[in-house]
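To keep things simple, chains are lettered A, B, C and D as they appear, and every chain counts its residues starting from 1.
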Amino acid sequence: MVSSPSQRPSSYWKLKVPDVEPGGLSDALIESWPSYATYVVSFLTIGIIWVNHHAVLDRIRNVTRPLLFMNLVFLMAVAAIPFPTALLADYLQAGHDESLAAAVYGGTMAVMGVTFGAIWAYAVLSEDLLHEGVDPERARRSLWIFAAGSPLYVLAIGVSLLSATLALAMYALLALFYLFDALPPLKQGDEEKGVGET
Amino acid sequence: MVSSPSQRPSSYWKLKVPDVEPGGLSDALIESWPSYATYVVSFLTIGIIWVNHHAVLDRIRNVTRPLLFMNLVFLMAVAAIPFPTALLADYLQAGHDESLAAAVYGGTMAVMGVTFGAIWAYAVLSEDLLHEGVDPERARRSLWIFAAGSPLYVLAIGVSLLSATLALAMYALLALFYLFDALPPLKQGDEEKGVGET
Amino acid sequence: MVSSPSQRPSSYWKLKVPDVEPGGLSDALIESWPSYATYVVSFLTIGIIWVNHHAVLDRIRNVTRPLLFMNLVFLMAVAAIPFPTALLADYLQAGHDESLAAAVYGGTMAVMGVTFGAIWAYAVLSEDLLHEGVDPERARRSLWIFAAGSPLYVLAIGVSLLSATLALAMYALLALFYLFDALPPLKQGDEEKGVGET
Amino acid sequence: MVSSPSQRPSSYWKLKVPDVEPGGLSDALIESWPSYATYVVSFLTIGIIWVNHHAVLDRIRNVTRPLLFMNLVFLMAVAAIPFPTALLADYLQAGHDESLAAAVYGGTMAVMGVTFGAIWAYAVLSEDLLHEGVDPERARRSLWIFAAGSPLYVLAIGVSLLSATLALAMYALLALFYLFDALPPLKQGDEEKGVGET
């Protein structure tokens, strides 16, 4: 069977440049909407988790070997995100198998979220790893907010069986949910770090 | 329909390696001029905006959550630039639909410019975010120079309907326009930052 | 001869997005298990060697030209890893030539390990390059642990002739073997480096 | 005309994963030697120039706008290197047009070398940009060693018309030529920079 041009898989990072065919660019751009939508959702999710990752590491005083290894697994999930992103874009455009693609997308995001939460939980529960400027009581309470995201991802994976488009919208909302700063504030006694947060 | 080799879309980052065919390398290299031209314009634009982005962040004292989010949207536009670059190179070479491709190119650049300007405007107008070494009056005046770029991009998008090549030349000139330092000088009282600007 | 879709080589970095065909996504995902397995092994290996590389550089006081050149050759081996990763994934899935692919994979890993060990050996044996916080005696003993990895890689390359899958499992175990901190501790007199290791 | 698998252009970064065909891996790996040879030469060239670039920037006190722009053009040449690398690998393997490909390769390297030399020449000749720890007289003399590389690249481009393989060997030797430290030593009065060079 000869592949039609639209069946070519997406270029890995991430906006698909359509095959050059006479007079077809405007149609090709409109048909490629899943490529743009998944690009935006994946970029926002990675960007927001990047900001939060930075904030978590600021609150950790001692970096131990187990923490480095957990961080490595977390980075492995982050680095894998372009794969389900391309998958979901391709199958949303193809109009079949998009539920499975959306479930794979949500599963990758859930793994990323769980490993990220595990880093923070490990640091909070083994108390001597926390920065002295962090209130241990508030740190422990923040774990509940982290934990709240996981069932929402499970819910979104369930929704993807009904509608992949709706599931994608839920993933976007989940990214924005993590935009709010759930971490306890960091009181810094040293002045050389001038970049504060209000 | 079987695709001819020249219809293969550009490799994403960015100079297109032509298909290997006997005796055809010199012709293939000459035909690929849009690939080199768009590479140069995109690289210069990203490079100059990178220098300016660094200069803007130097003049901001407090990095707040809204600023981080605006920066994320700005980075999303920057990271998308290879897409319209490959699109414009492909359609300039194909000789059709190049106006639409040039307009998409200009639109991406305009989004990047607007989000970049928004970061600086937000920092200038909510005065406590500005570094103390920046004169607030001159900072406010610099916003006009930032604002001047946006209608020029709109003009270039209009020109792209007449000639995609001419529009590409305008995008190059717009990049060079931002080469001039429009930001107010930064007076630094601390000596440990030895890298000054004359 | 027309290539069947499964004969398309892997996208370079690294999880292969399957060609879009009706109803075939779940099968395509299951068939692509070598792509995920090699991704995980390569990511873990690079990640663990990255942590160890950081730890080695922390223990080196003077960076000389020969050291920079050895580091360059080491980085060249690291940057080449996606190549045998894609090769092994493709041929494990194709079901032929996988022994040669697994041997090439192991050979690349062995080159990386040997150049990495050479950097540390060079620093330890030319004693004035070592950080003063490192005990030279313990540093010399640590060289034996480094040397122990090389024959294991040679063994795994031999095993790859029997079973590529078993060899891949051995490469994963070898990565985890390097997870244990073989380097002598670094005693730091300066307090500004607050990140200690327990 | 249907393309044979070996005519597929190289993946951009840089070691070509061969198409999967029964029993053909060992032959495919041997035939792909230009891919490995050009990878090594390009990696060494970029790596050595990276070390030298770092050393040059260490000797520059004031970073001015013209210097930033020259650096941008230099980085544009560096970022373009994968293109002639893939080109030369493809045409060496194809066995035709390899002279033109080798000349394009040498031309890109020469542009990189000239822009790199221009940065150092600009810093040396406009004397107030030099770090105070650099002897201006020795800095001026070092410019001759920088200048010596350019005619050698021109010579190698000429040689590429006779033999692309010989030209590639010359490019490798030229990279190693720049391995020797041609820059004047940097005397540092401040102790916080503990990484010295012997």
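We adopt the following convention: a residue touches a chain if its C-beta (ideal position, glycine included) is under 8 Å from a C-beta of that chain, and two chains touch if they have at least 3 such contacts.
Note that the coordinates shown come from a computational prediction; the quantities given were computed from them, not determined experimentally.
Trainee: Expressed in steps between touching chains, what is the minimal separation of chain A and chain D?
Mentor: Steps on the shortest route: 2.
Trainee: Give the label of the chain whose average Cα location is farthest from that of chain A.
Mentor: It is D.
Trainee: Pick same or different for copies chain A and chain B, depending on whether their interface residues overlap by over half.
Mentor: different
Trainee: How many angstrom between the C-alpha centroids of chain C and chain B?
Mentor: The separation of the two C-alpha centroids amounts to 37 Å.
Trainee: Nearest whole angstrom, what separates the Cα centre of chain B from the Cα centre of chain D?
Mentor: 26
Trainee: Counting only residues that touch at least two other chains, what does the list for chain B look like?
Mentor: As it turns out, chain B has residues touching two or more other chains at 2, 12.
Trainee: Could you list each pair of chains that touch one another?
Mentor: Going through each pair of chains, those in contact are A-B, A-C, B-D, C-D.
Trainee: Show me the residue ranges of chain D that touch chain C in the complex, using the header's touch definition.
Mentor: 2, 5, 11-13, 15, 17-26, 29, 39-40, 43-44, 47-48, 51, 179, 181, 194-198
Trainee: Report the residues of chain A in contact with chain C in the complex, numbered from low to high.
Mentor: Chain A residues touching chain C: 1-3, 6-10, 12, 61-65, 68-69, 72, 75-76, 79-80, 82-83, 86-87, 90-91, 94, 96-97, 100-101, 104.
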